[in-house]
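Each structure below appears as structure tokens.
In what follows, chain A forms one complex with chain B and a second complex with chain C.
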Partner chain A sequence: MIKEFDAVVIGGGPAGLAAALSLKSNGVKRVLVSEREDVLGGILQQCIHNGFGLHRFNEELTGPEYAERYIDFVKEADIEIYTSSCTIDIVNEGESKTVYLMSELYGLVEVKTKAVILAMGCRERNRGNIAIPGSRPSGVMTAGLAQKLVNRYGYMPGKEVVILGSGDIGLIMARRMTWEGAKVKAVVEVQPYPGGLNRNIVQCLNDFNIPLYLSHTVTNIKGNNRITSVDIAPINEYREPSKEEQFTLTCDSLLLSVGLVPENELSLKVGIELDKVTSGPLVDANLMTNVTGIFACGNVLHVHDLVDFVSEESEACGNAAAKYINSTLTKGEEIPVRTGNLVRYVLPTKVEPGKEALLSLRTMATAEGVTLYIKSGDEVLYKKKHKKIFPSEMQRVLIKQVPADAKKLDVLFK
Partner chain B sequence: MFFLNKGENMRKSLICITCPLGCSLDVEYDTNHITKVDGATCKRGEKYAEKEIFSPERIVTSTVKITGASIDFLPVKTDKTVSKKIMSKVMEEVFRIKVKAPVKVGDIVCSNVADSGANLVATRSFRGQ
Partner chain C sequence: MSTNFDVVVIGCGVVGAAIARELSRFKIRVAVLEKEADVSFGTSKANSGIIHAGFHSAPDSKKAEFVVPGNRMFDKLCEELEFPFERHGELMVAFSEEEIRILHTYYERGLQNKVPYLEMIGRERVLEMEPALSPDIHAALFAPTAGVICPYEFCFSLVGNAVQNGVKLHLNSKVSWIGKTPDENFEIETANGEKYSTDYIINAAGLFADEIASFVGLNDFKIHPRKGEEYLLDRRVGSLVKRVIFPTPTKTSKGMLVIPTVDGPVMVGPTALDIDDKTDFSTTREGLKEVFHHAQKMVPEIRTNDIITSFVGLRPSPSGGDFILGKTVVEGFINAAGIESPGLTASPAIAEYIKDVLIKEGLRLELKKDFDPYRKNKSVRVRHLIDERKFDEFSKVVDENKDYSILVCRCENVTEAEIIAAIKDGHTTLDGIKFATRAGTGRCQAGFCTSRVMEILHRETGIPFEKITKKGEGTEIAPYPLKKGGVK
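Moving on to the complex of A and B:
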């Protein structure tokens, strides 16, 4: 089957839905969202805990509630939705692109489109990514998989749980498994600080007296068919485990919450350049990749902590893509945004002088009593003092107008 | 139980969990009142401190069994915070509840769950099949 659209959005999670809505409200007529799962909403559908939407809707929603609001908007907006539709390839033909989908309903579909918005989200790092020694029994899985098993299918992955990594999903799962009757014995974090939000340390670990071992790691996984125990050891500044202080915890499952990586297999195939730090596409001030007409937003671009920011970024992306489709996207001169002291990355890496710029950044390490500066030469455009900064907290800064004569922006902490 | 001399205040460091910002609060309080809150970036921080010191409360989120929907579990939450002490009682009741599709976001699936004063409400809609 051959179809024609003005824009194809790949992924029907929070990023894809917000981008599609924004395309539509900016006058793009034919918009298609291609979603791999049988429902829209992406990972939000399994995030049944609350804490979503405080910025966006000014109230605290659960993941499915946040998703449903956007799904309802999309349903009212005359947007074509393909669910159970796996996007398998994007081919760049200059002015137009062809997107190949394998859909449960329509079979192989060839979609001609002017623009593509990448909104595929991210994947969890797994055991292979972090190379934990030991045997390979069952019961070792990512925290997100455990979340899906418990929340969507009602299966308990184990009764005695150890969690490696203190990312938010790991913390949320510590509470969820406890509520469901499991014993969570420990959360083990390799860094000297927690990976997730502070509020999750309080309400997911402290509330249930679950110990958090910072600067510790799992040094061995034991068990033949099923995991029976793990060895845990403190590590020094060179990440060498201390054999003397090593201890063993019996368990029947080990959940891994050791980071997320943007899912960019499709992007690489069509020739999109990725940023080495974020693992997401390199984008300009319009969130357009190096392939003209292909845009990216949400967790496929860089991993966010808050869905509210995903929605916001994706709206801006849809807005820019709509301008591209309507041939009103002006690409002026661009200046680089450079990372300075303590800044791991800033996105986008280029901005346009004379225009508004919304910057997202993450820090490299924790620090106290530092001030964030955004400068154009010697001129300070933004300044904010922080009591404490964490790499786990993404910061967003709006620069109302980048000076027209700016040559570069510097983002740094002092 | 702490006994305080007159005019002497207790101090505690808290992390506000009202929103994902997670402000660090330094709280001073006497036997039944908060006397000072430092570090809150909005008013909700003071409210949180008062509650957290004297009667901590949480929202409980979970799933209940559902029939006639596209999947077998319906996500639910308490429509307001419940005392931390009775969270496990709320969960015991959650395990027993079964509902039938159709259901809409916000529908009450159990009122005054475990005598908490809060209702258990659906957080996802399912059409009947």
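Moving on to the complex of A and C:
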């Protein structure tokens, strides 16, 4: 089957839905969202805890509720939706792109389109990526898989739990498993600071007296059929565990919350260049990749901690893509955005002088009493004092107008 | 009541499977007993997958006797059973004059073992063949007849063909006792309460072959586990090398290899450590360091950051150092034991030899007229169609079976149709389905597809969701239903 659209959005999670809506409201006629699962909403559908939507809707929603709001908007907006539709390839033919979908309903669909928005999200890092020594028993899984099994299927993977990594999903699952009657014995974090948001440390660990071991790691997994115990040890600055201070916790499951990686397999196929720091596509001020007409937003671009920011970024992306489709996207001169002291990355890495710029940044360490500066030469465009900064908390800064004569922007803490 | 057979093969790793398939040509009743929930779940699943040329084995050893003929048999086997097989050769590389002298001893060894087309080649040609190798390499021993296969897919295809030709496969059947009946037949009991009687027993029990032998009073050999850790790298890294790369062995170590798997990703390892515990499958920090230290010396681009998974295999290392093959003092009890490297390569030759032993021991073997050497109902591999952009073909496949349109594992592009085919072939654990289809072997390591595969398995077999296992009883994935739980 051959179809024609103006824009194809790949992924029907929060990023894809917001991008599709924004395309539509900016005058793009034929918009298709291709979603792999049988329902829209992406990973939000298994995040049944609340805390979503504080920025967007000024209220606390659960993941499925947040998703539902966007799904309702999309349904009213005359946007074509394919669910159970896996995007298998994108071919760039210059002005036009061909997106290949394998859909349960339509079989192979060849979609001709002017623009593509990548919104495939991210995946969890797993045991192999961090090479935890030990045996290979049942009961070791990512926190996200455990979350899916508990929240969407109604089955618990274990009753005596250790969690490695203090990413948000791990923290949320510590509370969730406790509520369902499991004993969560420890959350173990290799860094000297937590991987997840501070509010989750308080609400998911402290409130339940679940111990958090910072600068510790799991040094061994034991058990042949089912996991029976893990060894845990403090680590030194070279990440070497201390054998003397090692201790053992018995458990029947080990959940891993050791980071997320943008899913860019499709992007690589069509020749998109990735940023080594974020693992997402390199994009310009319009969130367009190096392949003209292909844009990226949400967790496929860089891992966010708040869905509200994903929606915001994706709207901006949809807006830019709409301009591209309507041939009103003017691509002016671009200047680089450079990372300074304590800044791990800033996105986008290029902005246009004279225009608005929304910057996302993450720090590379914790620090107290520091001030964030965004400067063009000696001119300070933005300045904010922070009591404490964490790598786990993304900062968003809107620069209303980048000076027309700016040669570069510097982002740094002092 | 016991079931009567002419031959019972104990153990369904690659050796047991090759023997079963060989025997399935004849008008005899054959059973295979496997203690695990699936075949190839012991040593074979952790095999490096190398089809060796045969220059490693000492001349006059059984290893040397079987490895070269075994190697030759793989082209025909591949044609009949359609498992992936690439014959790209192997290179043993030398970094110094001294190592070149060692290469030469292996060259001589290879000539004695009648390994064809062996060559000692210089640095320039080595780097021309394998540009990712270290420029510090001086020379290499090149054996073009070596290759790689997927060890468990090979094993599955052998068993599948054997079963298709009448062999009875019994999983979860751990032998707990062997005795003799009044009419001098063997009687075998398994831990799950089944009984089998048979004229002949083939002991292909791998790591546990010594324990099986002791059931009939044979205590003349021991099997020691020798641990090997292997690390699999991300597909993104690319093939890096086309051929299997060996270092020059030292007195203490055969060294770590860089292995291009048939499925694309590179594997590095294995370590070789003699241990006592036959159930110790743990990887170690030391093992990881050792593997990468050696591998990076040969292929500098290899990085620990690219590891997607690691695993351990225990080689069944025999006390005598060589394969233990053939009849024993117990009439009708035949060993195919101690089959460590190059056992995978040797396995089809070993199977033919065991058949000859059975004939000598008085078993009448008459060829079946309807023996079919070809593997039936092989599932389409959608991944290849997507990788090679054969979309028209993919479309046709979907028109014939809609289940090919449902992608379950997106890292390796495995569809629901492929999962269902694997379940119909008898794979009922997540590991079994993973080995049969590659679902869950990719970079996300089953983070996304686990629950989908569990759903399909539940739907197709009726196994309750909470009873679905990773690799057999005791390895349930999500054993505790919530009070109001249920499959979505």
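Keep this in mind: the second predicted complex is superposed on the first by the 414 of 414 C-alpha atoms of A that agree within 3 Å, B and C clash if a C-alpha of one lies under 4 Å from a C-alpha of the other, contacts with A are read in each partner's own complex, and residues count from 1 in each chain.
Throughout what follows, a contact is a pair of C-beta atoms (placed from the backbone, for glycine too) under 8 Å apart; a residue touches a chain by one contact, two chains touch by 3 or more.
As the structure is a prediction and not an experimental result, all values here were calculated from the model.
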{"item": "Partner chain(s) touched by A:89 [first = chain B, second = chain C, both, neither]", "value": "second"}
{"item": "Touched partner set for A:155, first chain B, second chain C, both or neither", "value": "second"}
{"item": "Comparing the two partners chain B and chain C, which touches a greater set of residues in chain A", "value": "C"}
{"item": "Which of chain B and chain C A:248 touches, first, second, both or neither", "value": "neither"}
{"item": "A:198 touches, of chain B and chain C: first, second, both or neither?", "value": "first"}
{"item": "Chain B versus chain C as contact partner of A:226, first or second or both or neither", "value": "second"}
{"item": "First, second, both or neither for A:64, with chain B first and chain C second", "value": "first"}
{"item": "Chain B versus chain C as contact partner of A:51, first or second or both or neither", "value": "first"}
{"item": "Residues of chain A at both interfaces, chain B in one complex, chain C in the other", "value": "150, 152-154, 180"}
{"item": "Residue ranges of chain A in contact with chain C within the complex", "value": "36, 84, 86, 88-89, 100, 102-104, 107-108, 110, 123-124, 126-129, 131, 133-138, 141-142, 144-145, 148-150, 152-159, 180, 219-222, 224-226, 265, 268"}
{"item": "Chain A partner contacts - residues on chain B that touch it in the complex", "value": "14-20, 22, 24, 39, 58-63, 65, 70-73, 75, 77, 84, 87-88, 91, 105, 123-125"}
{"item": "Chain B-touching residues of chain A, taken from the complex the two chains share", "value": "38-39, 45, 48-51, 54, 60-65, 68, 150-154, 179-180, 197-199, 201-203, 207, 305-306, 387-388"}
{"item": "Residue numbers on chain C that touch chain A, as the complex places them", "value": "231-232, 236, 279-285, 287-288, 304, 307-312, 386, 389, 391, 394-395, 398-399, 402, 405-407, 410-411, 413, 443-448, 450-451, 454, 465-466, 469-482, 484-488"}
